[in-house]
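Structures incoming, each one as structure tokens.
Below, chain A partners chain B and then partners chain C, in two separate complexes.
Right, the complex of A and B next:
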């Protein structure tokens, strides 16, 4: 009976098969707070923020840059693009590269490298565990960090979370995650942002790695998590959900052909910055009217940072809307009452004070 | 091409999906249920009852139909104006008694008696009409009260006259003819009904008063706002109903010559049942005399059949009640269901495989290679114009544009700072062209082809063309006249983008991607408008070739330019000039040195091109995704293509970022400059051209250097 109902629903496009997305309302009421933030650094693709003894640093393509220096003084550079970064308790940093290596910069392990592990080829987030080990989010079993769009369009849920101890031994904490893209230790367990499920999931510390939802039905795809001194949690959301994309996800024939025949830049899929070339898909509501792109028009990219209370309930958010210039925020960090965020889509690191902005 | 694609192509070519939605949109769909019911009932009765179709029986039924039909027609007219008349049964009885008393007792002449009876009926109607129309009492309660009052009057009259009516005799061949006569074998009452029905139909559909009744029923407030006297119109309908009831009563009197207390009891219910089952709406505004007749026939057949089947009297009332309930349910549900179903199935995407798009982004050697030449255009009238779809210049260099408010706005040469509304034409003016007398001919979306003469007088040229034989929607009216050009002999060739949607819905036509457009010719010497090309994929720009032997036209969704030959060996044939544009062509206009300019309103995108080959995907998208979220061609980029007579591309001018001129829908060359218009823009652009004839103007190209006589 259930099967039959599902078949009927999918034929008519109703029930579970109806295309709905959560509205940007409540704590997610739109504003332009991200666009009003002061720019700290312009870089090709600022991705992940971290705090080290050198202050706030950011990864951008192959280099690590200091955010507080005007031209982003380079701290280190690598032979590969960086896909994840975290600050360590000793003031150093751990850097995940797109080929799966993890390199330590500064601190007591500075200069050492953890060799690539074939099971961890898509490092999307790193965070130190309280016992000195390193927690690693592996976004996908089949796609690298650059192919995240393909991973979404393939509707994969092959990501995993690993624990690598100081001796370099890796153990898997949980699998079958839909693109884990952010990690946060919370009361002995681990909270993971699962991008393709638009949800935060708690992975218990017990051996079975039991998963339980913490926050679901987010209006955008979540990425990195961080905790501020006042215990509030900051979540970066890198692209908006859209009815059209959810529809395309439900259309297997179109999706398969799109993946096969079209360049990924021109897919009907979320992205970090839209409107770069005239070959990109557009939507009817995204047509410029009288020379103006309306902020509420549908867009495949968006800038969004959410503030969650210690129980992971959203309380406020900062936006860069369809016409904004701070899209594709993949990381955010609260340092000394200043909120830093990296808008990877627009190549900018900006910051602003935050004292309970009205949203 | 895979087998699947091939099958999809065939399926979408030969299965006319669009017909379902179009059929559901037709008004005659309202008749489907009554007609089906009537046919089923007739077949059932004819087979179930022996001799049901015998001439005698049919004639009997026809005579009863004549009487009931008059009442139903009257009631329908009341209902069309949004009212209800329950007093028809009592009025019928009153007329019966009145006629018999005047004839049998008072021995009045037949003609006078009939006239007086009808007068009494009209008076009753007037009372109803006054109370409901002028005093604004509730129709249902008011006529329920008059029903009772008149029934009381009838009973009083019967008490006094019933014996004398029964004993009185009449000797009049006229009276006998009214009651039992036939014309060519058809009972008189039925003939009378047909005559009145035809007259009623004529009044309702062709005369002012009929339209007013429909308008009042459709929406009282709108009718009032339109200046219709609602009370008078409502009152009138009750008077008509009263007259027709009285007429029916007279016929009844002449047929049976008997007055009893049960005459006309429950008749109102039968009449309402007939009116509703025929498909007239309870709420008013929707219905016809034809529906009333159909309902009458259904109810009469049913009642007669029930009697013949030997049902008890009570049972037959029960059946009538059940039919009435069904009719009410259909009235409420049918329209809504039909509208919602139509909304779901009207959009019917087609299969459209475009040729491979030129690599205008990645290949710098492509003739369409992107550049930023339109980035620094001069801007005219920024923020002062709303969507100048077309721009045109007169010999003095004044600039005209057609804007969303239904105006032709003129910017005065030489600096284009001073602005005036040249003419208000209404609708959504789109393409423009000057004729040989300096009149500005305009295609107006929602209206048709119009002309603004030099004294700024606006005149309609044509708004109607010949209707296609197999089209279900009425395609004789023009819904979206788009662009035009004028041949030296004065013939106007213009495009209608789509026959299925209006201007506000052109986006849906993009989603359909089927051949809904056409090209129409207007001949000023004969005044005849004819469609010359059909099934075009959003017919858009039209431009006479420089030698006037052919014209070029753009098909937006097909991304191609074609040529239609007007003379020579290929006369009447179409050939493709540019088959694979990188974007969606809009207007085409002449340029100097034998060239043409073409505006691209947007660029093709791989995702949309692919969607165009997957109609089912687009249909589901139309139903499941909100309109604003639909996948759409990229119209945030502006582009102008300069091409020669053979379709060879000379140069391409882009505004890739779309900061200044997204969606360029038209451009005109004038004295070395190119002027740009866009249907969603708030500005007009102007850019200096190199390599063109600096003295060339459009009007001179069409009508000679000294066109229109004087020059200011």
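Right, the complex of A and C next:
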């Protein structure tokens, strides 16, 4: 009966097969708060933010840069691009590289490197555990961090979360995750942002790694998580969901051919910055105003940071709308009542005070 | 009754063709029009604008003879006339073009044109030729042999207008003529109105689209709460000044209490309902919004904006589009109700705007009506009816909602509007909802009961229920809501917090 219902729903495009996206309303009501933030640094593809003894730092391609210095004074550089970064309790930082190595910078373990683990080839997020171990999000078992778009279009759920102790021993905490892109320890368990499920998932600390939803049906694809001093949680969402992409995700033949024949930059897929070339796909649409149908095309990129209460309920959000210049936010961090965010799509790290902002 | 003579004495050019002097209309003691003065000049297009309930429809119903005024006089070309019915209006040369046309769908265009004016012996071919010539003279591209049901909205309106012109109408009243027209059809209509103006036909044009009123009319009259606010040349108005005239209030503010205290806005709880890309024909168009627990979400929109239809889809009263009709998620779970009872069992209750039609059984007692709510809820005992339970339930809710009735055996029809509404609400609340949708909760309710109903709505949100209030009345929305959604043309187009929600801002979103 279930299969029959599913087949009927699929035919009518309803139920689980309905091609819909959640509205950006309530706590996700659009505003221009990200665009109004002061720019701290312009750098190529700034990705992940962290706090160390050197202040707020950001990963940008192969370099670690200081956010508070003009032109971003370089702290360290690597032979490979950086895919994840976290600050450590000792003031140092752990850096995940695209080839799977983890390098420590500063702090007690500064200068050491954890060798590549064949099971962890796509490091998307790092966070220190309370017992001194390092928690690692492995986005995909088959694609590297740069091929995230392919991972989405292949509808993979092959990501995993790992715990690497101080001796370098890795143990898998949970698997079958749809691109884990953010990690946060919470009350003895671990909360993971699963990008392709557009949800936050709690992974229990028990041996079975039981998963339960924390926040579902987000209007955009979530990435990194961080906690502020006041215990509120900040979530970066790197691209908006759209009905067109949801539709393409439901069309297997079309998608397979698109992956096979078209350059990934021009796929019908979310992206960190759209509107740069006329070769990009455009969704035709229209809005009727005063009886006149005006052409309109939803943007494939967007800037969004959400503030969650300690129970992971959205309470407010900051946006860079379709016409904004702070798209593709992959990381955000609250430091001394100032919210820093890295808009990877537009190559900007910016910050603003948060207190008193209306959602 | 003798046929009223048509005044034909020549008038000085400044004499208005049609004039209303101190006209009032009361429905069971409720004033719908309050001593209105209105003048329509020869060959002018006169727009009447105002919010829902401002009195526009009552005014034109009086002119078209559908209702009789309670007081005041009407003059045609300076002569006092009595419009005792639609036939009288037609004889005086006043024709009305309704939004939903009054044509007979199964008859041909020609038959409709000559309906009620048939000769003893009708030769269909002759009628068609005559109709063809007549339609051509008006430049209407309509086939006289086509049945009306096969025509689009614009062409139906052309037939309606042609009928008015054929009857030598000197005044044609258009009630929301553009609501269902495409831009091209609208253009045709405006060209036609312009031509009628040149032929010295006077036009009364009612529209919610202020741009249209500003574009096409020579003069504009603004009504509010049944009172005449201003009449002036269209050129002297801007969209903003019109909105200001439409929403500026006095009486209503007193009626609905002072605006919301913004420091006491309830914070949102969990997301209870997520409506995603919901569609139903061209009434609800790809609308998306969320409803949160512990808050009153006000939904404002003008008539035809799809608010009620959206609520009725959510509550399982009507069905969304079969193909890709969108998704409704209750507490994260996709739901689709075949009957309202399914929704009630899941905790969604809809309190109808049409309480007499859909809200209660008028021949049944208060107790029986309240018990009907219980029977359809998840707590129902099936077909077993317990008289004791019915009485206890009636006593409990009569007391809780302060329903003023002699006893619970009194028939609902015997109660006042406010108490009837309380019975409908009791019938809904007895079902222990998690989400309750009030559609026009205080329409036709006496002043005293309005405050009680508003307090009750607020206390439901305080108890943690997700409450939705749909209202066409801005002060009600502004005074009740913790969050305001504005609906236009079948979709939610704006969300406002109480701090942002001024009358002008809400109305601006509703008409643009």
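The working rule: the second predicted complex is superposed on the first by the 345 of 359 C-alpha atoms of A that agree within 3 Å, B and C clash if a C-alpha of one lies under 4 Å from a C-alpha of the other, contacts with A are read in each partner's own complex, and residues count from 1 in each chain.
Simple rule for what comes next: contacts are C-beta pairs under 8 Å (C-beta built on N, C-alpha and C of every residue); 3 or more make two chains touch, one makes a residue touch a chain.
Please read these numbers as outputs of a predicted model, since none were measured by experiment.
Novice: Considering only the touch criterion stated at the top, classify A:278 as touching first (chain B), second (chain C), both, or neither.
Specialist: first
Novice: On the A-aligned overlay, A:298 touches which partner chain: chain B = first, chain C = second, or both, or neither?
Specialist: first
Novice: Once chain A of both complexes is superposed, is A:165 in touch with chain B (first), chain C (second), both, or neither?
Specialist: Touch status of A:165: no partner.
Novice: Between chain C and chain B, which one touches more residues of chain A when both complexes sit on the common chain A?
Specialist: The partner that reaches more residues of chain A in the superposed model: B.
Novice: Looking at the overlay, what does A:176 touch: chain B (first), chain C (second), both, or neither?
Specialist: It touches nothing on chain B or chain C.
Novice: For A:262, is the partner it touches chain B (first), chain C (second), both, or none of the two (neither)?
Specialist: Only chain B; A:262 stays clear of chain C.
Novice: Examine A:216 and indicate which partner it touches, taking first as chain B and second as chain C; both and neither are also allowed.
Specialist: second
Novice: Tell me the contact category for A:108 with respect to chain B and chain C: first, second, both or neither.
Specialist: After superposition on chain A, A:108 lies in contact with neither partner.
Novice: Tell me which partner A:13 touches in the superposition: chain B (first), chain C (second), both or neither.
Specialist: Both: A:13 reaches chain B and chain C.
Novice: Counting only touches as set out at the top, which of chain B and chain C does A:23 meet: first, second, both, neither?
Specialist: Only chain C; A:23 stays clear of chain B.
Novice: Following superposition on chain A, which residues of chain A contact chain B and also contact chain C?
Specialist: After superposing on chain A, chain A residues 13, 18-19, 243, 288-291, 293 contact both chain B and chain C.
Novice: Where on chain C is chain A touching in the complex?
Specialist: Interface residues on the chain C side: 178, 181-183, 186, 209, 211-212, 268, 270-271, 274-277, 288-290, 292, 322-327, 329, 332, 334, 336, 483, 485, 489, 492, 495, 497, 499, 512.
Novice: Could you please specify the touching residues of chain B with respect to chain A in the complex?
Specialist: For chain B paired with chain A, touching residues are 361, 370, 383, 386-387, 507, 602-603, 605-608, 610-611, 614, 617, 620-621, 623-637, 656, 658, 660, 662-663, 680-683.
Novice: In their complex, what parts of chain A are in touch with chain C?
Specialist: Interface residues on the chain A side: 12-16, 18-23, 25-27, 29, 213, 216-217, 243, 288-293, 313, 358.
Novice: Would you tell me which residues of chain A are touching chain B in their complex?
Specialist: Of all residues in chain A, those touching chain B are 13, 18-19, 242-244, 247, 251, 253-254, 257-258, 261-263, 266-268, 275, 277-291, 293, 297-298.
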